[in-house]
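What follows is subunit A paired twice: with subunit B in the first complex and subunit C in the second.
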Partner chain A sequence: MSAVSQYVEEYRTIGAALPGGHLPWLRELRERALTQFSAGGFPSPREEEWKYTNISTIEKKRFRPLPISEPSAAVESWLKNYELEDVWRLVLVDGRVAADRCRLDGMPDGMIVCGLAEALTKYPNLVQSHLGLAAGRENHGFIHFNTAFFSDGAFVRAPGGQALPKKPLQIIYLNSRPESLATVRNLIIVEPNAALELVETYAGADEQSYLSAAVTEVSIGENAALDLYKLQSESTKAFHFGGTYVQQARSARFRHYNFSFGGLLVRNEVHTELGHAAECLLYGLFLAFGRQHVDNHTLIHHAQPFGISREIYKGILDQRARGVFQGRIVVHQDAQKTDAEMSNRNLLLSENAEIDTKPQLEIYADDVKCGHGVTVGQLDENSVFFLQTRGIEEQAARTMLTFAFANEMVDRIRLDGLRGSVQAQLLALFSKANLHQEWL
Partner chain B sequence: MAASAEKLERLISQEYKQGFVTDLETDSLPPGLSEDVVRAISAKKDEPEFMLEWRLQAYRHWLTMKEPKWAFVHYGPIDYQAISYYSAPKEGGDKPKSLGEVDPKLLETYNKLGIPLYEQERLAGVAVDAVFDSVSVATTFKAKLAAAGVIFCSMSEAIRKYPQLVQQYLGSVVPPGDNFFAALNSAVFSDGSFVFIPKGVRCPMELSTYFRINAANTGQFERTLIIAEEHSHVSYLEGCTAPMRDENQLHAAVVELVALENAEIKYSTVQNWYPGDEEGRGGIYNFVTKRGDCRGANAKISWTQVETGSAITWKYPSVVLRGDNAIGEFYSVAVTNHRQQADTGTKMIHVGKNTRSTILSKGISAGHAQNTYRGLVKVLKGAENARNYTQCDSLLIGDKCGAHTFPYVEVRQPSARVEHEATTSKISEDQLFFCTQRGISAEDAVSMIVNGFCKQVFKELPMEFAVEAQALLGISLEGSVG
Partner chain C sequence: MLTIENLHVRVDGKAILQGINLEVKAGEVHAIMGPNGSGKSTLSHVLAGREGYEVTSGSVTYAGKNLLDMPPEQRAREGVFLAFQYPVEIPGVSNIYLLKAALNAMRRHRGQSELDALDFLQLIKEKIKLVEMDEQLLYRSVNQGFSGGEKKRNEILQMAVLEPRLCILDETDSGLDIDALKVVADGVNSLRTNDRAFILVTHYQRLLNYVRPDYVHVLVHGKIAKSGDADLALELEEKGYGWIERQTAAEDAA
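Take a look at the complex of A and B:
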């Protein structure tokens, strides 16, 4: 029996217990997604957008959705590693909200932060009007899989028209059990004129294999702004699919910071559609060691005039790791005066590492300014030599330069607490890869 | 800007100047494709047994393949059974012994195209192998080339006269099963050019082939093979046109280049197949596989192409940089107008150490056209210190067209350095203003800017072609930008 039909079979037994079972529209949505999933299965490398990523290892394994159970005691200590100070916090363990670990007191009026399952009973209309809006444009197996199977997720609504206290919201997704399946579906609604800072942290128990398939749908209203930080430090044996699909209204601003450090087989997707004079910034840093495979897929639709987009992704690949960057900018016919730039820079540190990069421009309007650039290479020998002449050992000099290459992206983080935490993780990774750090 | 809009109108209504039909009796096979057709083609060509076997294998493999769909072009399904796979001008028996015996109507066709064989023979010193529909009509300058030891003849002649060379090299760069269109070509190719430059010889003149599709409902499947032995050098030119017809015609060619140690091949193309009318009716489907193989150390292969024609262009002249220090180059200007679609670019496969490649691609898109650059730079594990530089620039003329850039970069060697840059823009009003303000007419200014945009590529073309390419660009785009 193939993995796909196994999952489809499983839906028959657990489907009714999934959240929102009382809502006919949702049942129908799930059924439709299941039909699409059972027809198409998971994406295959024969599809152009999945050319460099073969997920057949996921199909060979059998991940099971977990029944609701008390999280293990170890969870507490893992969470400690990722919790930020002075934030509101929503915690999901094994794909479900762990209410007693959330810190959501003192929310301003109109602001909603809760689990999606809870939102489906409390605010079904609000959910109905947004669920599937941004992800509906996407069409591949993981989206359908998530839609059919999502067990919970984060539901966030930032109200407009009032000053919100400048306090970020952190959502932690923790996977604690082996061979488990976490399908979370997040809905982030930033209403017109509101501003929100959001940190998503994906983490898991060390050395455990599990599948985390998350889909995040974001809607940013007129003149609203969202800074979304995604920190992916799944276990080194985990499979991670994380798709973020964004719709930006007129003059909306979206900043995405994507740090991908963990996972064995990882696919990050960030797709956004820009309204009139909207702005988006996509920053990414991915590090991969061992046999890790990290695929970053970004898509920016300039649908309306005067949009601005900036994208910088950097990759560091060592040992037998493989990195993929696929970035696409589409400028539609109406999107005159678009200004788009994309750059992807990669550092290959080992003979066995590989990078595949495919930056794409698709342009249908004539009065635009678009460009993209890619570089693949190693450290500049002159810079290494310069440091050596200052009495720094060669190995230390190389580490220093590699760290500086990565740190440029970390420096762009606008939240002090998070910047420190990401930097610490980066250093920990460097020491794991036997890179010296006594110079710090 | 009103003036330039007018010129754009004029450009859009520009007619295809090479779109005449030559009324000739042809010897054609009925439309359809089967093993019998493959056998018939092979028999007509009087081929040795091994060629028939080779063709049949390719044909059987083709049957198992599916037409690729990944390219950024859209067209209706092609009925492979509605195409005639062989068409030759009828000459009543023997092939012409000299140019004097060639059908005068044919020669007139070439004159209209601006490549009078006599004249070229006398003035330009270019040896021309002209391929009309499927057979090679006449090859000039044979004697002079033979003295240098260079073999330059039609493919069918090469198969008969030099079967060993053909057997050794044919399909060694583009195997018969390489892709759908290459397999089809391998099964039914009717003619093409064959060039062999022996060791240490610098080919005394530039070689040239002119292709023309004349008969209706035929496909042209030519096959070109160029072999440059150690320390040799050759520059090869290729030009193409086709008459105007309402239906689409298929052109699926295969070009193979082999460069051994220290050899250099320079391959230039000016492609001006009939692009269809303003509404996109008719025109040539140009699905071509071109690949060069730098087999020896220090070999160099350079592709230069000016693509102005074809309803659909789908080609990626590639270089496999096998030998150490080998060099691959790709210079391209692709112009699309009306409803033309082009998905073109290159592949540079770095295998050997210190291999270098340069890609320079200029795309110009006007009317409702879609112009795509698609290129692969692949650095394999052993390619230490490989170096690639890619630059793709696109120019958009009008707001209904599209320009796309899809580069693929795959690197498995840490010492490799790969750079890719791409920009898309239109001619800036500042630039235009600067020129007009200095008394240069808007039309001249635009032509100047577009020519400047393409200059880096044009300067790679041999003299005769550079002139033709500039004229072609002038015809298609002069004064149309604004």
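Take a look at the complex of A and C:
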């Protein structure tokens, strides 16, 4: 039996117990998604948007949705590695909200942060009006898979019309069990004129293989702003699919910071559609060592006039790692005066490392300013020599320069606590990189 | 301090240095002059240990040790400093971080403890006055967005902080306006001590108006064609390099 039909079979057993089973519209949505997944399966390299990433290894494994059970005691110590200070915190362990690990006291009036399962009971109409909206434009197996199987997720609504206290929200998705499946579905609603800072941290138990397949749908209202940080620190044997799909209303501002450090096979998608005079900034830093494969797929739709987009992705690949950057910008016919820039810079630290980079501009309007640039290179030997002449050993000089290349992106983080934490992780990765020789 | 004997160096299979002999003692300032392509920069790079230079014969002894055996960082820790003709920009590494990493590498090598943050900052603030550099530049990425003059001052700042014994300045004067040149010269003069030596590699005599050398050597076709005192530099300024080149050619023919 193929992996796809196994999952479909499994749905027959667990489907009724998935959250929102009492809502006919949701049952229908899940059934429809299951039918699409059943027919199309997971994405394959035959699809243009997946041509550099073969996920067939995922199909060879069978990840199981977990029954609700007490998370293991080790969870506490793993969480400590990622918890930020002075934040509201929602924690999901193995795909479900772990209520006793959340810190959600003192929320302002009208602000909602809870699990999606809980929201389906408490605010079914609010969920119904947003679920499947931003991801509805997407059409591939992981989306359908997630829609059919999601077990929980984060539900966030930042209310407009009042000044919110400047305290970020952190959502931690932790995977604690081997061979498990975590299908979370997140809904982030930023109402008109509201502003929100959100940190998503994906992490897992060391050396464990599991599948984390997350879909995050974001709606940013008129004149509202969202800073969304994604920190992907999954286990080095994990499979990660994380899709973020955004709709930006008139003059909405969206900043996305995508730090992808972990995982064996990773696909990050960030897609956004800009309304009139909306702005988006997409920053990304991906690191891959050993045999890691990291695919970044971004898509910016300039649908209306006067939109501004800036995109910078940097990749560092060592040993036999493989990276992918596919960045697409579509400027629709009505989107006059669009101002779009995209750049992708990559550092290859070994002869066996590989990057496939494919920036694409599709422009259907005539009065626009668009540009893109790509570089692939090695460390500058003159800089290495310079540092040596200042007494710094060659290997330390190389690490310093590589760190600097990465740190340029980390420096853009606007939350001090998070910046420090990401820097610390980066340093730990660089010192660990030498240990990854065993993967070769 | 430094003894270069019969040094022959090839780059990409081409002979660049063809028998250099030079003796530099502590406290001395030597100027190496010469036309473009005479091998001046090659000499400074070979002394600092850059890759890609093949020493085919000869020797370089520094403080009694074989300099050519050491990797660049070890030469630096033993007290050899190269100020770059084209200072390197390093985005993402702050100037202050570089200075601290470099100074602590030196101190560890000398068996000294690393400086704590306060002592380090005090030291830097003292040294930065010497080169009249804006303190803000300490917190910027190394040389990124610096003017030509700021970059060269930054090299001298690194030299002042690291306190090397042998300072090699590779065309540090090139591309400087007169004010920046004076600052660089003042920096060098203030670092002149009895136990420190300088090799000033330069195309023009200009810098030597401000830093008076003890010896001037003229490099032609990879050899020292003529040596003299500071007056030789003035003579070169007046007559150009042509007469020495012709003289050398005549001697070679004979």
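In this text, the second predicted complex is superposed on the first by the 434 of 440 C-alpha atoms of A that agree within 3 Å, B and C clash if a C-alpha of one lies under 4 Å from a C-alpha of the other, contacts with A are read in each partner's own complex, and residues count from 1 in each chain.
In the analysis below, a residue touches a chain if its C-beta (ideal position, glycine included) is under 8 Å from a C-beta of that chain, and two chains touch if they have at least 3 such contacts.
Predicted, not measured: the structure shown is a model, and the values here were computed from it.
Enquirer: Given the superposition on subunit A, are subunit B and subunit C in a clash or a fit?
Expert: These partners fit in the superposed model.
Enquirer: After lining up the shared chain so the two structures overlap, which partner does A:Arg390 touch, if you call subunit B first and subunit C second: first, second, both or neither?
Expert: So A:Arg390 only meets subunit C here.
Enquirer: Applying the document's definition of touching, compare subunit B and subunit C: which contacts more of subunit A?
Expert: On the superposition, B touches more of the residues of subunit A.
Enquirer: Return first, second, both or neither, reflecting whether A:Cys370 touches subunit B, subunit C, both chains, or no partner chain.
Expert: After superposing on A, A:Cys370 lies in contact with subunit B but is clear of subunit C.
Enquirer: Scan A:Trp25 for contacts with subunit B and subunit C and give back first, second, both or neither.
Expert: neither
Enquirer: Of the partners subunit B and subunit C, which touch A:Glu408 in the superposed model: first, second, both, neither?
Expert: second
Enquirer: Scan A:Asn382 for contacts with subunit B and subunit C and give back first, second, both or neither.
Expert: So A:Asn382 only meets subunit C here.
Enquirer: For the overlay built on chain A, what is the smallest gap between any CA atom of subunit B and any CA atom of subunit C, in Å?
Expert: 15
Enquirer: Can you list the residues on subunit A that touch subunit B in the complex?
Expert: Of all residues in subunit A, those touching subunit B are 48, 333, 336, 346, 348-378.
Enquirer: Could you pull out which subunit C residues touch subunit A in their complex?
Expert: Of all residues in subunit C, those touching subunit A are 48-51, 71-73, 75-77, 81-82, 84, 87-88, 90-93, 98, 101-102, 105-106, 109, 141, 158, 162.
Enquirer: List the residues on subunit A that touch subunit C in their complex, please.
Expert: Going through subunit A, the ones touching subunit C are 380-383, 385-394, 396-397, 400-401, 403-408, 411.
Enquirer: In their complex, what parts of subunit B are in touch with subunit A?
Expert: So the residues of subunit B in touch with subunit A come to 70, 379, 381, 394, 396-426.
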